[in-house]
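Shared chain: chain A. Partners: chain B in the first complex, chain C in the second.
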Partner chain A sequence: MSRLANKEEQKTRKKSEPFHWLYMLLLVTAIQIISGGTVLTQIQEAQLEVLAVFGSFLVVEWLYFVLARNLAGQRSTELEIIAFLLSGFGLVTVASVYPNYALKQFIAILIGLGAFVILLALMRNTEVVNALHIPVAVGCVGLLALNLMLAKVHNGALNWINVGGISIQPSEIVKIGFIFVGAATLEKLQSARSLTSYLVFSLGCVGALFLMRDFGTALIFFCTFMVMAFMRSGDIKTIGLIGAGAVLGAGLIVYFKPYVAKRFKAYRHVWEYMNDSGFQQTRVLIYSASGGLFGLGIGNGRLRKVYASTTDLIFGVICEEWGMIVAFCVVLSFAFVAVYALRLARHARSTVYAIAAVASAALLLVQLSLNVFGVTDLLPLTGVTLPFISRGGTSMICSWALFAFIKSADIKTYPKLEIQMEEKS
Partner chain B sequence: MDFNEIFDILVIISRYLVAGLAVLVLGSCVFSLVGRQFGKRIGSYLYDPGSKTRLPLTRWENSVGRSKTCDVVLSMPDVSRFHAVISKRRNGWVVADTHSSAGVFVNGSAVVQPTPIAHGDTVSFGSVGFVFVDADEDEKEQEAREKRRAFSRKAAARAAAMKPEAEFYPALIDEAGDKAYIITCDSCLFGRGPDCDVRLRYPTVSSSHARVTAQGGAWFVEDLGTTGGTTVNAKPIGQSKRRLHDGDVIGMGGVIFLFNEHYKVKNRTDAEGW
Partner chain C sequence: MNTLTKRAYVLLGIIAAFLVGLVLLAVSFFLHGGTWATSRANGHLYSGGQITNAGRILDRNGVVLAQSVNGKRKFHSDAEMRKATLHAVGDQYGYIACGAHTVCRDTLIGYNRVEGIFRLVSEGEGNDITLTIDAKLNKLAYQALSGRKGCVGVYNYKTGEILCNVSAPSYDPTNKPADIETNSKYEGVYLNRLLNGLFTPGSTFKLVTSTCAIDNIPDIGSRTFSCSGSFTAPGGGKVICNGRHGTVSFGKALTKSCNSAFSAIGIELGRDKLTKTVNALGLCESYNVSGVRTAKGRFDLSKAAAIDVGWAAIGQYTTLMNPLNMMMLAGAIAGGGATPIPYFVRSTISDTVGSLKTTNRMSAQTAATLRSMMRDNVVNNYGDQKFPGMSFGGKTGTAQMNGEKSHAWFVGASMDANFPYAIVVVVQNGGGGSDVAVPIASKVMKALKG
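Right after this comes the complex of A and B.
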């Protein structure tokens, strides 16, 4: 195909694209400027620092899109628009509650973006993914073992380690490795024929999380494992058996270790413990309702004064201060990304991408559900973060990396590869 | 209205604006992501010439085996439950044996490593053989077949149209009147060279000397930049295209010919240009 013909084709494609990234980026920037401006008028401390952080965030955002569109030839940037929109919501909320934490959150977004780009490059070649399976699996197990050895109990769980003054949650990083190791080509899956090795690896991860008493993350890992196991084997009976085994195991744990059940005693009874173990859930329900459709305005809420308002309860803060419409947008964006991942899986150029995309979308959905339904007492409160929005560096990095897995399943992510395929055809 | 009141109003507007913009951005992203078209369908297949059945390969990676969960199910006893995988890669299609008991063969050779397969190759799973049909190549072949058919139809129609006047052709007759150079095509190259439609074996004639063409029912001659030049009725035609009339005298490198628009061919073997 001649260069001229390519240019003509690109022009036609540009005309037929229903999604105008520049308009969307302008709208996202407008949202961020309005909300960031509101925060700057309200905070009393570190105003200059927060202003610099917001400005840098906007520069990074624009720089990414300009480079991605013009240097990397990216034509499909909807996922990044959603990721930047959600990260922006998180950054603004965190800066309004803890202005001094804004810089850390911004650095986490930067590292997350870096991880996103690196993972996209790694996922380009399925042979590279296959070759890295064992080192990544060993790394994950090692990281969890290190966590068990070094971590100190924090909020009843052993999931934080301190490295040079920086707190890291290894289980968040292991989420990326967990999906990376589970994604394999059909040829490899069919040659292995059994789930045993992956089952052992997964049980090791989930077991380590149980030992850490991080039940929320353990549940996320287990649900993701079920999705991946189904996609790897296509055998519903085996998956059912594993599910039944897991339920039985959980029952035995609750029977022999009653302190585990105690942690969830307020579930469905939060009003009975409204000043005790149901304090957070009841405040989320009360203050979310007072936010209405359009919210009370950033900085005008009362939930921000409750413990963990920018981590576990951030959905409540969004409902109260930003309003129910924005909160629904947050939830729906993950739901539609999952639909997109499912559609991608049907057309993916390898099972590596199909498994990685669907598992990532499932993980994000499960985590979102545990957070949103946990704080609203529809599910037990397990203390997991809201992807992209909650305060926390490793959680932010993990969220961006999971989006990279979804994006890699789209052939449009690799324009040179797409052109090669078209030329071959 | 003081500054604080204006500021409060702006804050209220911003709340509505942020919610509206968020819905707009998300709506556009969702519309674009969920409504995405994923290019053309993979249409390659395995063809069994015996039963004339086609087993479509609709995915980039297709599992082949006896198990019902396989993409291509082969219910034959010597086919393993998970026998092989046929994948579409960047450079073409590849077949891999996934530890089957009876093996996979491409054109009779056993597959040990993932092996490339081309359009028309015979791929066997144990004793069960199929012809691999690559959709892209198949499409190209069909196009070529269609072109050939169209060409044959056109040629047949042309032959049928020419049949009643098959004995009359335009021709160049030499000075002595004993040799006729018949013009049998719409664009006839005259010259000494072996690639010419009508070869004029005279030393003064260039290897590609002149071209005689039919346009709108009339005949024209043009010189192809020769040193000897071409004349019509003793006038050099230079680089221009000159119309020919019955009885015109054409000179090519000093050799004279008479143009006869309706030359009657008695015996085709006597005439040059056939």
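Right after this comes the complex of A and C.
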């Protein structure tokens, strides 16, 4: 390569990555060391174990970036920076409340990272995606059916199954399949038959979630479906019909299911029901306001003692103990990711990747909104998790996988493919 | 590819909606954070419904009336003092809605939008609050009521500071009586009768009728009225007088509290003018007294016959007045026609509480006429020795209640600019104003004069 070409390449590299990855990683590491160190001084039990977990997390983080940059030839790693930043933050927050849970959460991050890498590899070729989409669709429906048969009632929702002492939430895994199947099917949507079979698949997923009474997740699926359908069809009539049908269905659910109606009764009236159906929301508001902009300090909060503090209510815990500035930065980083996904989708090499990236970003934002605005009573409380942050393994794996969909839309993710394509053109 | 690229912008819509939500969230925290953080469900502040950590509450002389010691709320060591200051200070559970514990709780716990309640949680201290009341004076007034229901209020009509804010019945917040909800002697105990009570005003209302007469009947000063022990209204019906006063001037009519004369004046003025005066005096308005909304007086002559107007002119009929507002009337008369809105919390943080907002109630000339009439009342009727060296003027009221003992009223003010205090005393079903309310006012004002 001539020196000129080399310079050219350096220029584009600068353009595509405005911040040098190493500086970003050092900054993220500094944040993690400070927050992790503070948590370590605050917790009363399992300090050694938590220290080991935090240390291993940092090792894995650095290992990933060194390998990705040098062995896998990754030239843009902004998404991973954010994924590690968010998972690390979730890890320290969860560990600060339940030190004994730190190891489990760390293992979930490892599995998530693994899922991220595997999914990136699978998404490399559209042929593979096409070949896999029918088995994945069958697997998803099967998983939900299994869930319906085995589910334990959890918070009035039947969305957990127990496998050898580990409780998993199949709907989180199905989220990954839902986008995978959707993107793959919609790319080659030619015949009415494939449209029908895709609609049947989608309605099957959402319907199963209704049967499980997991209204929040059903809503997330529905919104994601709408985004994907819009991306592909462009026929307003079809969307209108689908939308009207779904809204009607949701309305009937609200009308018929006293459970959902009861949950929504407190919406915008949480202070009137502050000791029953408005309990969680009012506690989040009370303690978030108590924290002010800078928080009361890790371990000084009271929301941590409220049920579901590290899952559904973790946004409130962050507000109270870390302060509103940190809490808002955390959720704003998802908006950044969405903008990033939009940019990638516009230059995606094929429809599959554009749809997958946009749908993943939309899913994350919808779920984030349902969580953050649900616990603060701007939206009805539906009991969904905060991606990357909330305690829980399947939710963590799903979050990483969705990031893989976004990253797969970036041609730079596949350096060899990029060279091939450049050669072709 | 091109349409797809465009459609990807649907994501921008979702991002925008999300950001709008975040802005809404930030705005609602900015607007309501104080209310949320001070909720009784906040475990940082309350335990078992009781406020635990908060700043101290002091009286104007620095006497500590409430403070937090080891996460427990402690009140003044003297039980009588605790009862006398209960309605101003409030209780640890928030039953007393108009007390400083409730009204000023965001200040007490030291909430602000930047720090939240960080200082309280980390250092265990909120902000102290100084009240304008004189705790000793409150105790004296409470004891003077000697177990009867009613209220005593004293304020400085130049500055608006309330020195005495006493309501009875009261209770000891550290030993709340078990029968408080059932025993009739505690009826309405959580209510501050001074700020939120409404009572038939009786003859104290003659000050209002007088104001109306001075403003509307040019020769009122030279007019005479005849009293034969009762007054018969043009449309029929009789108002009984408290005596047989013969021929009286306007001034003497007030001094004698002659019902015959005032009923006649009231009917002559008519309902529109009387209503206009009542409204101009702000008697049917609610005032913000350190964050407590006072009760609005009630004066409705829309369905009144002539005889009813006659009764209304002497403070009967359906009329109800708020004691604090009547005290403000006395203050306005003494102060030359205007009065500041009273307050009982001296803020340590900002001047928003207790800022000097005045309300104009009458012309300086009308006020001067009323001052001399009220002064004449004290000198020639109740006795100047009851308020020595204060140039005191006032008016009693004995509000007749159907089948019950009368309410005893006294409103008055010192006309001395160097001692600018006005007082109201109401003893619910206490009897005659002169016999029951004046001695209490006398005791309190003498103690204040020192």
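Going forward, the second predicted complex is superposed on the first by the 396 of 425 C-alpha atoms of A that agree within 3 Å, B and C clash if a C-alpha of one lies under 4 Å from a C-alpha of the other, contacts with A are read in each partner's own complex, and residues count from 1 in each chain.
By definition in this document, contacts are C-beta pairs under 8 Å (C-beta built on N, C-alpha and C of every residue); 3 or more make two chains touch, one makes a residue touch a chain.
Small disclaimer: the values here were computed from a predicted structure and weren't measured.
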item: First (chain B), second (chain C), both or neither touched by A:Arg302; value: second
item: Which superposed partner A:Ser288 touches (first chain B, second chain C, both, neither); value: second
item: Touching partner for A:Met274 - first (chain B), second (chain C), both, neither; value: second
item: Partner chain in contact with A:Ala183 - chain B first, chain C second, else both or neither; value: neither
item: Which of chain B and chain C A:Thr376 touches, first, second, both or neither; value: second
item: Touching partner for A:Val227 - first (chain B), second (chain C), both, neither; value: second
item: Touching partner for A:Leu368 - first (chain B), second (chain C), both, neither; value: second
item: Touched partner set for A:Thr351, first chain B, second chain C, both or neither; value: both
item: Partner chain in contact with A:Val339 - chain B first, chain C second, else both or neither; value: both
item: Shared chain A contacts, counted only where both chain B and chain C touch the same residue; value: 234, 293-295, 297, 332, 339, 346, 351
item: Chain A partner contacts - residues on chain B that touch it in the complex; value: 7, 11-12, 14-19, 21-26, 28-36, 38-40, 60-63, 65, 69, 82, 85, 87-88, 90-92, 96, 98-99, 114, 136
item: Residues of chain A defined as touching chain C within the complex; value: 227, 230-231, 234, 274-275, 282-283, 285-297, 300, 302, 305, 324, 328, 331-332, 334-335, 338-339, 341-342, 345-346, 351, 354, 358, 361-362, 365-366, 368-369, 372-373, 376, 378-379
item: Chain A - residues contacting chain B, complex; value: 18-20, 23-24, 27-28, 30-31, 34-35, 37-38, 41, 76, 78-79, 81-82, 85, 185-187, 190-191, 193, 234-235, 293-295, 297, 322-323, 325-326, 329, 332-333, 336-337, 339-340, 343, 346-351, 410-411, 417, 420-421, 424-425
item: List of chain C residues in touch with chain A within their complex; value: 1, 3-5, 7-12, 14-15, 17-19, 21-22, 24-26, 28-29, 32-34, 36-37, 39, 41-44, 111-118, 121-122
